[in-house]
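Next come two complexes built around chain A: one with chain B, the other with chain C.
Take a look at the complex of A and B:
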């Protein structure tokens, strides 16, 4: 059904679906890093790097968008390695502070060198696949399937033990022979790769990017609210969280002209205070037991 | 090199450093006493700036007088935030504390956009344009006053922490909260008060901000990036380090503004570059502390 989907819905709904899939990629890749206990508040930096690399490569040498998107992901990984090696050997807070400053600094740099970056006016590219939304749908679906597959691989492999050990207690992990910095950098690289892919896809799909948008705090916050709402360290959590957040966002966008992201703030506060494992946790802890009790009562 | 312009930009840097110190002190206090990096600190400053702006626009109260009012308003807002949210996660892993304060920050940013739109607002007082000439260099009067008030705020905080009973309790808790509890200090109440005092400092700093910068919903976010940078330069969570970090950032920004072409536009990026430089050469902060 997911394969024939574009034939079944109208163009606007297809667009919404593509945007939601793109957000799912961002949410899942943030969650990969979170598995090591690190909070990136600057995914917009990596997203923007992916978007700009791809768009600028098209503008300069007419590089095919698919190759451009890949190139964007690779540049994002390089940036992640740089930041990762500097900050991930320190306490987590250094990483969070540096990532938030990183995205903001990129926005400044982009505005200051307009000859290279297009400045505040941004960069335009021709529509992806000549504006064929169906093909765009299959491309974003392919990236989404890939990221979910990678998360599944991580869960099945020894990486999962290393990530979890580091998250639970870094000193103990170190004693167990796990090099925390190396694994954290690896997680950040995987996360950056998919965030970069998403950025590249966005620039071509949207045909137009400006620094204020791709490097904005809103992007970074969206990347973390969706998986946290759905439930961290799971495959399904980021997916469910994204669907609900996108639905809330579409509704609020109509209601408020400014500040509809107030919902992000509220959700973060409520989740941290009252449902630490997100919707998935709530389901497992509160809803499932209700049904199992009933069955016992009836039987 | 032109000595007058060198001295002038050094002086400007020191003046702005005073404001940065006022902006960062509350963050330092909460980190030092409670062990939390408060991502919502910038938004407390933003609320302080708006309360000062509205007191001026509606009641015509001079921002330098309404400073105390902003401080009091934010003291209560801060204690409310602590009571209803942060108190519950004091024993949680740092990840939760980060996400909670980040959530509060996003909430207030967007609330401000909904209530007051994204317009940039300024306060023009009778003395806004005045300046003071000292031979070869001269100071904007407003900047000079904000600097002096920042110095007063810092001195008051230091006196509070060293001479008063609740202040000493905060220092004890920052050293060791279990031992403090054992000798009969009410740790919870100390946290509450520390967060309230930090918010009051943010309120006062916000009032200062409203006189020398634009007031808009994201002003707190922009300032908190500078404050984070200062925190890292100074080594997390100590007052001398904060003052030192503020001087480094203020003077660097001022020199870049003077000597680099289009330098003032780069000023925003300087805190990030400084942050990276510090992380490369001495990640424990230039002032060097016990915290890693």
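Take a look at the complex of A and C:
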């Protein structure tokens, strides 16, 4: 069904689906880093690096978009290593603040060197696959499947133990033989890779990027609202959170401009206060018990 | 017990601002010994442990474990070199089951690294060893204080330490639980682990220690067998104060 999807829906819906898949990739990759207890509010920095790397490489040397997207991801990983080793020794809020500064600084730098970056005018690229949305759909689907597969691998491997231990108590994890900085940087690198891929895809799919947009705080906030809403540290959480938020966003976009940003804020407040484990947690704690009780009662 | 020196600490000092928490402390621990570190509250016992496990870096002095220089190494490096420790205040990972808590330690504290399957197997054995065999899949919050202490011990043991640091694992236990814990410590020693413990319960110290170190105001003031230390006037002074009339009651 997921493979024949493009044949079944109209172009508008296909576009919406691609945007949703892109957001899922961002949400899932944010969640990978969150598993180590680090809250990045600067994913836009990595997203923008991915977007600009592939767009500029196309502009300069006409690098094939697929290779450009990959190059964008690699540059994002390199940036993450640099930022990571500098800042991931910091904990909690200090890391978060640094990531905001990173994304904002990039936006400013981009505007300061317009000869290289195109400045406020941005960079244009020809439509991805000559504007063939179906192919774009398959590409973004492939990236999404890859990120979900990687998250699944992490959950099955020793990394899951390291990430969880660091999140729950970094000092104790350290005494138990886990190098916290190393694993946090590793998580940040994986997160950056997929965020960079998403950025690269976005630049070619959208055909046009400007610093205000790709480096904006909105992107960073979107990356974290969706997994928090859906449920942290799970495979399904970011996916479900993204679907619902994208649906709300699309509805509000046509009825109430900037309404989706208000919705982000409200969702964050409500989720943090009343359902810290997100929708997945709500399902497990409140909904499932209702059914199981019924079964016991009937049995 | 043999005479091989496992841990060699020389002139260890640590200051916090103007406070000398540990001053010029030196001692040796031999392979297979059970050694207790005692002293009044605030004497610097836990600081010594934090220095040994790399949580703090010493201002001066050196730490040698089995020929490896551990001075200034970070906690995870110290752990991988063979020092396992428990914390005075129990700190299990709350959202991991008992078994997962221990598996984490097995996975990362060991050199060379072991497979997930191997780690799980060892963790199951450790659970049985410390008496948590039937609690493997519960969460730490559902365990009593002694139960949580057992997790701490199992996690420290999971790294297969040459030297095990136990920070007040017996405090807060009932007499029966204490006897169990003493048995466990003896059992561990018999299996070849050298043990260095901080303890307030004197009955425990006197019952299991081969030797005792006494610290006071960050300095080591005495060292010897239980009897030697208990009759040392400096130790009695540290515990009971200057003007003592009934020193015979002693610290034990």
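Points worth noting:
Basically, the second predicted complex is superposed on the first by the 296 of 299 C-alpha atoms of A that agree within 3 Å, B and C clash if a C-alpha of one lies under 4 Å from a C-alpha of the other, contacts with A are read in each partner's own complex, and residues count from 1 in each chain.
Rule of thumb we're sticking to: a contact is a pair of C-beta atoms (placed from the backbone, for glycine too) under 8 Å apart; a residue touches a chain by one contact, two chains touch by 3 or more.
Computed from a prediction, not measured in an experiment: that's the story for all the values here.
Of the two partner chains, neither chain B nor chain C is touched by A:251. When both complexes are overlaid on chain A, the residue A:101 reaches chain B alone and has no touch with chain C.
Of the two partner chains, chain B is the only one that A:262 touches; chain C does not reach it.
In the superposed model, A:91 lies in contact with chain B only, and not with chain C. Counting residues of chain A touched by each partner, chain B versus chain C, the larger count belongs to B.
Legend: residue contacts after superposition of the two complexes on their common chain; A:152 is shown touching neither chain B nor chain C. Residues of chain A that lie in the contact sets of both chain B and chain C are absent, per the superposition on chain A. Per the touch definition, chain A reaches chain B in the complex via residues 37, 39, 41, 86-87, 90-94, 96-98, 100-102, 104-105, 108-109, 111-112, 217, 221, 224, 228, 256, 258-262, 264-269, 271-273, 276. If you check the complex, the residues on chain A that touch chain C are 157-158, 161-162, 164-165, 168-169, 171-180. Every residue of chain C that touches chain A in the complex is listed here, in rising order: 53-55, 74-76, 78-80, 85, 87, 91, 93-96, 100, 103-105, 107-110, 116, 119, 155, 158-159. Listed in rising order, the residues of chain B touching chain A in the complex are 37, 39, 85, 88-89, 92-96, 98-100, 102-114, 117-118, 217, 221-222, 225, 228-229, 231-232, 236, 262, 265-266, 268-269, 271-273, 275-276, 279-280, 283, 292.
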